[in-house]
Each structure stands twice: as structure tokens, then as C-alpha cells.
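The structure under discussion is supplied below as C-alpha cells; questions concerning it will follow.
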Amino acid sequence: MSKLWFDVAHLLAGGMLVLSFALLYQDRIAAVINVFALQAVALSLSVAWQALVQGAPHLMVTAAIALIVKGFVIPTALHHIIRRMQIHREVEEVIGSGLTMLTGLGLVALSILLVQPVGEVSIYVREDLAFALAVILLGLLMMITRRNAVTQVVGFMSLENGLVLAATGAKGMPLVVEISVAFSILIAFIVFGIFVFRIRERFDTVDVRALDRFRGERRDVS
Amino acid sequence: MALIVDFFLQGVQMMLVVAIAPAVLGLTRKVKARLLRRIGPPVLQPYRDLWKLMHKEAVLAHNASWIYRTAPYLIFAATWVAAALVPSYAAGLLFSWSADLIAIVALLGTARFALALAGMDVGTAFGGIGSSREMMIASLAEPAMLLIVFTVALVAGTTQLSAVATLFSTGSAGLRVSLGLGLFAFLLVAIAENARIPIDNPATHLELTMVHEAMVLEYSGRHLAMIEAASAVKLVLYFSLIACLFAPLGIAGPGAAASDYALGIAAYLGKLFVLALLLPIAETGVAKMRVFRYPLFVGSAFAAAALAVFLLFVSKGF
Amino acid sequence: MPGIDLPAATGLWCVPGFLCLAGVAAAVGQRKLATPLIYGGSLALALVALGAALTCFLQPGPPWTLALPIGLPGIGARFRVDALSAFFLVVVNLGAAITSLYALGYGRHEEAPARVLPFYAAFLAGMNLVIFADDAFTYLLAWEFMSLASWAIVLARHRDPANSRAAFLYLVMASFGTLCLLLGFGLLAGPAGGYAFETIRRVSHTPFAATLAVVLALLGAGSKAGLVPLHVWLPLAHPAAPSHVSALLSGVMTKVGVYGFTRIVLDLAGPPNPWFGLTVLTLGGITAAIGVLYALMQHDLKRLLAYHTVENIGIIFIGLGLALAFRANGIKVAAALALTAALFHVFNHSVFKSLLFFGAGAVLTAAGERDMERLGGLIHRMPQTTVAFLIGCAAISALPPLNGFVSEWLTFQAILVSPDLPQWGLKLTVPAAGALLALSAALAAACFVKAFGVTFLGRPRSAAAKAAMEVDTFSLTAMFLLAAICFLAGVLPGFVIDALSPLTAMLTGGTMPHQAALPWMSIAPIAESRSSYNGLIILTFLIASGSVTAMAIHRFATRATRRSAIWDCGFPLDAPQTQYGSASFSMPIRRVFGTVVFSVFERVDMPRPGELRAGSFRMRIIDPAWRLAYGPIARGVASISLILNQLQFLTIRRYLTLVVCTLIALLLLVATWR
């Protein structure tokens, strides 16, 4: 394995992680979507690089799916949604951005700690796993710290980016799995989209707290 | 004889950073003015300003103490010494080992301490507001700076700037996302420390959000000249640090020939020129931030630097 | 080589000397002559003890031991002087000597000297004895003696209810600390009851006992030193004492706590586990950050300094934690570096914290005020105190070329070696601790810009501050001596590092490279190619470039100066209250860290336009340690005692039943335990 190979893989995977942080930093929904698109592009580059190095052409399909669906189709659709609903304003956060980022750093440290004892695999696989786990955890973090349904969708899809990164790093998952994952994401996106519209129609907001209020779970509206 | 040459080379660096500093500042102002479709003052205007200020009488408040009068010289001296210790055109100069990166940052801390005290000396509300904010920004920037140092030290195995520059100029550090992140974090810290937009606006004197200008509001004459010169030198220092850590191409190694030194100076001037072009371009693109947005701005530098350290651990440790 | 027998014995003889002095003070305390007599005597004795300790410290040799047939039968009282105790004896007696010198002037303003003088001498004796002790019994006895003597001084001004409350809290925490140490020594001594340190050192401890002993030492010594969350008594008790005693409490007694921890964990408890290092390091980092953040929020100058002690203890414990971690992994040079950094900071902090408390005492004497919101402009009234205090502020803010920077720089260097550690937990924690250290260093600078700027600069905020007068010569001499040490230790740190190397060799098995061999008297923690620093050259350059510039401008440009009114953007306000004060200076930092660290309660009462009443702003900051740790404990104790209260009103038969039941339960326990 040459050094350059490793460096480029490191660069791309690390770039995805950085973009995950950028997602947490952004405070406008349009910017969040753009960063997400960028992350998808980074993912597809990373997967394509793996395909090249591992000599696994089917990974190219994955890369193409990531690029087209998540890099272009979904962001365009999301932009469309926020334009139609006029919610391209600031992201509503549950806790402050600074604290979220500190928590995120802690999660990255945690994922490095978790992956470190995984033995008997080569060093780049472990590295990929560490990055992927971190991206997944950051996606989860984004989902729990944002109130807006659109940002939650983005968090979910960023989480899925992490999953794909993990899978490709671990020497290829079968194409069938890939495609089914990709489709499940698409379906999830559609479900979320409808969901968002339904919340919007019913409560005139996309703040998910509206659902809590509807279920009578939360009396105080903080 | 060799010692004399060493002294001379160190002296050249010491003089170079001071001599070039107003021109660098003038260049950034010029570029910024052109970007705003103004003509702007000539590039050499800061020299004339300094000259004029130095020859004007200094006006002191009745209750100004000796701290107020000595602080400008201390600020200038500390900044100058720090700048003279950052390798600019050659690595391994005579005194380059007398302070490593951490010590250089701390020397700037000494200058900041003196400036903040000077701001509080006369007892005005403006001076206090500036000092208070300056210290807040510094306390936020310092952890990020330490992590940047940590990143560099992890890659290079040393915090000695000459050694880092020599190592990095061979290109053996490779393509590293961590160094990129470190650079990003360093840029943010440099913007915060040099009181540039979006943290502070160096061009105004009468804006309530000001930090640096509020501290020096009462200063005039030669004292003001010293402080202005110090902030120009500080800008050059940060440019040199960026050049030395992240783009050390062309730096003459220890014991190089005279032509190498000439090349080194040319390369250094070229790097300063490029950075002085880039800074106003970046500044023009953003708006000044509210004071309580600073933590997030500097905090993202911290996050980037921490990520850089983590990524290095991942790639080195496994 | 004459060995260290004579100086060590001389040092030990100073302890009864101090005790005699305490007796004399108790007898003559009311007289007018008592103050100079006792402080003069303490000064002389402390100087002798300091000379003896310095001789022991600079003359490495085999440890000196002495066993006296007093105390517990079978153990006696053992004393020992080795490199570690010699170092701490230097710190203690240096502080004691200079404090006594200061007190020769400052003590004259004491209202009730009879309440301070006897305990002062006894306190010095106690601190010395703790460090001489070489068995658990003597150690604990001396420790408790020291605690009680200092408690009595804290209580000296008992009429103020805040002081007596602080003293009570101190007593509770000190007893808790002693209890922990007692249990810890019990664990280390084991069932055989070998209480002599020599025996403890030889016995190999089970991992469980060693771990528990380390935790207990952390609690016991940490409560004396002021580790978060055991620090709550410190910012209340230290300022309550007279200022020179505050200097001793903050600058010196906390170091005795550090000594206790170092002795038990690095010397007695056997080979460390890397996780000890992690725990100590984390606690140290948190302590440093919390300490300085709360220091920034204080308006009382002495309480600010006391909170700041907590920060410095945190820095010391970061160093100790690193030393433990490195030693556990056999990285000896790095362990030596970390330990040197910690001990250097012990020395430095004892110097500049004493200096700053002296300065605060001088301000208190001169202006009768320690609330910074009522001070200001003292630079014109007390020019010499100002210079000394400024040097102390710069040193404690870790500014080159003074001494505080050197020890923090060494700590940073030790942190930079941390990637060599094999444990991943440590690898990831150490940079975080480093970031906390950097944060606290920068906040310390902010804190002392505030402390100095609000107190000494600007315009006076009260009539008392306007009328302040410079203090006496004794106080000034003491302050300038300490300021000189700050300079010397900052400019020539190599000598201190070299002097510490036998000590690091004893505790970690490694030493830092010999610094005196380096050219130009610079210091290099590991190798010159890795990092080096030269305070002397930096200082020379600073002076040279600053003065050359100033002279050049004065000579070739102009030196014309005109005095005029304050400009302040053309709208100066006369009232001194319009200056930035203590609360306003720290407001941005309070806002930034507010949600995470502070529990701030703000109440703003803003009259509506047209209303004529005055607006008001109230703010209360509560240390989260109270809310998170002590509140639940206090509530628990209260509810349990409420339940147990019923036991007071039983018949005799029921009492007997209780006794018998307890007896049977214990017997059952013994039976099943076998």
C-alpha cells in the first residue's frame, strides 16, 4: 500500500468528518443543505477512490449513486421544499452551537477509542471505521440537537453517509446491499418529505415540537 | 568571524520584519480600497503616518501614569522580538532557539497584557471595554493555538520553528488533512488576534463594537506611532508564521550560501505579498460579527484544531 | 563531603524553636512589643531553617533519618530529610521567612495580635513538621496540628459572621481530609501495622489497596490543596485571615498538601497505574479552568487571589498527573520533565502568590478596602507597591520572561510528549488537559489585567482610595524580594531545573538533561532540537529593543509632551463609576462561559421611561460545587439526623435491645467473614 494511497483516502474521509462538523456549525438551513451536498460529493469521491484502489468496479456504481442522488437530487429537492415553505431562516437549536461542537469533539474521541481495539484488520480499514463511526455519531447528534424537521432529515442522511463510508472501507459490500440502502434512503427521504409537509399543513410550522404538543406530551413550550 | 556573520544574519531578519511591516499594512489597505472601488492611499502611506506621528507632541491625560507612557515601547519591543524569532527567510539563525512557538505566542501575550493595562490606565469607559474584550478574545483563542501547536509538534516532532520549517520544506510531511485543518484554525486565530474583520475593524475609530481601537483611543503622538507599528509588526509576524509553518518553500537552511539567502528573502517577500493580497479579499467577503458571536468563530478554530489532532492520532497511531 | 546531617538536624531543631516562640507569644501576646518580637524571632528561625533546607537541597546525598522514642510505642517518631522533603522545606521556609519580614510591618495594624501571634509560630512549626515526618503517626499529628493552628488564625477575626462561617467550613473540610489520610495510611500500612514510611515503602501493596490509598490521598491532600470539588472552603477561609497569613495559607500550606500527595502517591504507594495519571490529570485540568473562571468573577481582591490559588493547584496537578502517567509507562525522561514542571510551579506559585497577597494586604492597609469596585488609581498613591504587584501579576499570568511562564512552558512541553503514551484514553485526554491549561493561562492574564487595572489604574472610586498612602519599608522590602525571585527564576530557570534533578531521579528514576551544560544558559526539556527557551536572551532583547527605540525617538524625533484632560471620544464623564469596573470587565467572559460553568442569577430592574425610581441590577453566582456536590450531602445528613433523632428518646430497655442487636450482628459478621 503506497503512502499516497493512504494519504488521499485519509484526506477524503477526514474531509467528510470536517464537513460533518461544518453541518453542526451552520445556522442557516440553505447552508446546511449545501454542506450536506458537499459531504455527499466527498463521499462519492472517497468511494470512487476505494473502487480504484481496491479494483472493485461495482463501488463505482455506489459512488455514482451517492453523487447523483445525494449530491444533486436530494439537495435540489430540499432547496425546493424550503423555498416553497419559506423556511430558509435560521436553524433552531436545542443547545448552543459551541456546546454541540464540544460534544461532537467528544464523540470523535469516543469513536477513535472504540475502534482502536478492533484487531486483525489493516490500518486503513480501522481508520475508515473510526471516521465512519464519528460521522454516524455526529449525524445522530445533529438529529437530537435540532428542532427543525428539515435539519433532522439532513442529519439522518449524513448519518447514512457514514454508514456507506464504513461499508466501502471494509473491502466492499455487495452491490445489492448498496442499492437497497440507497433506495431505502430515497424512500426514507420521501417519507420524511411527506412528513414535513403534513406537519406543515397541520401546524403551520416545521418545528417538531408541534408534534409533542399535539400528543399532549409537553405542556410547557420552551 | 562566523559569529559575526550569524549576528549579521539575525540582525537582517530583525530589521527586515520591522522595515517591511508598514508596507505590508499599506498593501492590505490598498487592496481593500481597490476591492471597494476606491483608489485608496498609496502603499507607502503607513511610513508617512508613522513619521508624522513620531514628530508630533504626545498628549497625555492628567492622570496618566508611567504605565501609560512605557506600555507602547514594551508592546513594540515584545512584538518585535517575537517577530524577529520567527524564521522568515532563513532557518536556524543565531537566536532562533531562544524561543519556540509556545514562547513566541506567550511573548505576544506579554504585549497584549501591557496593551490591556494601558487601556485601563486613564480610566475611561472606552479603554475598559477594549481591554475587557481583548482579553476575552485572547482567552478563547489561546486553547485553539495550543492545539495548533500540538498538531505541528505531532507532525514535526518539535516546536522549534526553525526545525519545523526545515522539515516541512523537504516535503516529507506529505499530504495531510490535519495540516490543512491546522492552517484553517490558524487563519481564524490570526484574524482574531490581529483585530481584523469579522472580529474587529481596524479601519474605524468610532464604532461601538471596537476592541483594539478602543484601547488605544487616548493615545497620540509617538506613543500611538509605537502601537501602530507594533500592530503592523504583529500582522507580519502572523504572516511569517503562516509562511514558515505551512509554506516553508525557499527558506534557506543553516549554513547556506549567500545566493540561498537572497533567494530566501525573495521568497519571503513573495509570500508576504500573496498573503497581503489574500487577507483583504477574505475580509471584504464577510461582515463584522456581533461581540457574542466571537466564541463560535474562535470556537470553530478550536474544533478544527482538535479535529486535526484527532486525525493525526488516527493516522499515526494505528 | 560533610553530608547533610548537621543542616537537617538544625532544620528539625527549628520546629521546637517555633513552638517555644508560640509559647512566648501566648505569654506576652498582649504587649506592644510582642509583634516585632515574635515576627522577628520567626524571621530568624525561618532564615536558619531556610539555610538548612537549602544546604540539604543543593547537596544531594543519602537521606538523613532520625528516630526519637516519643509518640506511639513501637513506632516512635521518625524524621527524614530526602530530596523531596528538602525541596518542600525550602518552599515552606522561604515563604515563612519573607512573610515574617512582611509581618514586621504589616502586623502592626493587627487589632488583636494575641489572637494571631501564638498560632502564627505554631502554624510554621506544624508545616515544617509535616515535611520532616517519616511515619504515618507523626505525619498525621503534624498535619492536624498545622490545620488547627491555621484554623485558629482564620478565626482570629471571629466577630465577622462570614469569617466564623468560613472557619467552620474549613474545620469540617480539614477533618474530612485528615480522616481520608488516616484511612489511606491505614490501608498502606496493612494488617501488620507498619506505620513507618520505610516499612510502607518496602511492602508491596495489592492493586486494590494501592488504588484506594491513592484515591484517599487525592481526597485528603487534595482537600488541603484545593482540588475541585474540594476547594469550596479555600476561597472563604484564605481571605478571612490577616493578609500575611493568607499568603502563607495560599502560597505555602496548599503546597504542603501537594507534598502530602506527592509523598504518598509517587513515593509510598508503589508503582502507579496509568489510570491514576488520567484521573489526576483530568481533575487538575478541571480545577485549573474552574478556579480561574471563578477568580475572574470575584470583586474582593483577596478572594480573587484565593480562587486563583485553586487554578494554580490545578496546573500543579496536571504536571503530577502527567508524571504519574509517564512513570507508569516507563517513559522516565518525560516523567522527570512533568514532575520538574509541577515542582517548579509549586515554587513559583508560592513566590508570586505570597507577593500578591502582600500587595493585597498593602492595599487593605492603605485604603482599608479590598472590594475592587471601591478602589482604583492607587498607582499614584502607592507607586512602589504598584511595581511589586505588577511584577507578581505578570508572573502569575505566565508572561515571559518571568518565572510563571517557565513552569507552564515546561508543563506544555510535557504535554507535547504525550503521544508517546500507549493508552488511548491518555492520548486523547492529555491534549484536552493542554487546551484547558492554555485556556486557564489566558484567563489568568485576563484575571490579573482586571485585578491590577481596576485596583491600581484608572481613577479612584472612593474617598478611601483617593487618600491611600504608601506602606512601610518592611512590607515593601518583602514584596521586592519576592519580585526579584520572580525575575531570577524566570531568567535563569536552568539552575532550578538542575537542582531538582536528584529529586526527579528519586521519584521517577529519570532526570532531565543537564541544563547548565547548554550554551547561553537556555533550557531544553528533552533536546535542543525539540524545544528550547532562553529567558535571559528574551529579557535582554526586550530591554534592548524597547529602550533603543525609545531613545531613538526621543533623540531624533520629539519628546514633547503635553498634559490635558481625558479625551474619551470628546465626551468624558467625570464620575469615576463610569470607568470599567470589576463586574463590567468580567462580563463578556461571564456571558461566554455562563451557560456551561456558572450558575448565574441576574435580576434586572429597569424602570420604564418616565418612572423616576432608580434602576437596579443584582447578580449572584453560585459555585456549582455547592449545588452538585455539597447540597445533596447536606440534605442527606439533615434527613438522616432527623431520623436518628428519635433514638434520643428511648427507654433503657430499648437502648439495651439496640446494643445487644448490634453485638449479635457484629458477631454474626465475624462468624460469616471467616
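Read from first to last, the chains carry the letters A, B and C; within each, the first residue is number 1.
Everything below uses one rule, namely that a contact is a pair of C-beta atoms (placed from the backbone, for glycine too) under 8 Å apart; a residue touches a chain by one contact, two chains touch by 3 or more.
Given the structure is predicted, the values throughout are model-derived calculations rather than measurements.
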item: Chain with minimal offset from the mean of all protein Cα atoms; value: C
item: Which of B-C and A-B has more C-beta contact pairs; value: B-C
item: Farthest chain (mean CA position) relative to chain C; value: A
item: Rounded Å distance between chain A and chain C, as computed from the means of their C-alpha atoms; value: 48
item: Averaged-CA centre spacing for the pair chain C and chain B, given as whole angstrom; value: 35
item: Shared-contact residues (touching 2 or more other chains) in chain B; value: 295, 306, 310, 313, 317
item: Residue numbers of chain A (touch at least two other chains); value: 109, 112, 116
item: Per-residue overlap in chain C, given as positions that touch at least 2 other chains; value: 424, 428
item: Partner chain B, residues of chain A touching it in the complex; value: 3-4, 6-8, 10-11, 14-15, 17-18, 21, 25, 97-98, 101-102, 104-105, 108-109, 112, 116, 123, 126-127, 130-131
item: Parts of chain C lying in touch with chain B, wherever the complex brings them together; value: 376-377, 379-380, 390, 394, 397-400, 405, 409, 412-413, 415-416, 419, 424, 427-428, 431, 434-439, 441-443, 445-446, 448-450, 452-454, 457-459, 520, 522, 528-534, 537-538, 541-543, 545-547, 549-550, 553, 557-569, 572-573, 576, 578-581, 584-589, 591-592
item: Chain A - residues contacting chain C, complex; value: 96, 99, 109, 112-113, 116
item: Complex contacts: residues of chain B adjacent to chain A; value: 174-178, 181, 295-296, 299-300, 303-304, 306-307, 310-311, 313-315, 317-318
item: Complex interface listing, chain B residues touching chain C; value: 54-67, 73-74, 76-78, 80-81, 84, 95, 97-100, 102-103, 106-107, 109-110, 112-113, 116-117, 120-129, 131-133, 135-136, 138-143, 145-147, 149-150, 153-154, 157-160, 163, 206, 217-218, 221-222, 225-226, 291-292, 294-295, 302, 306, 309-310, 313, 316-317
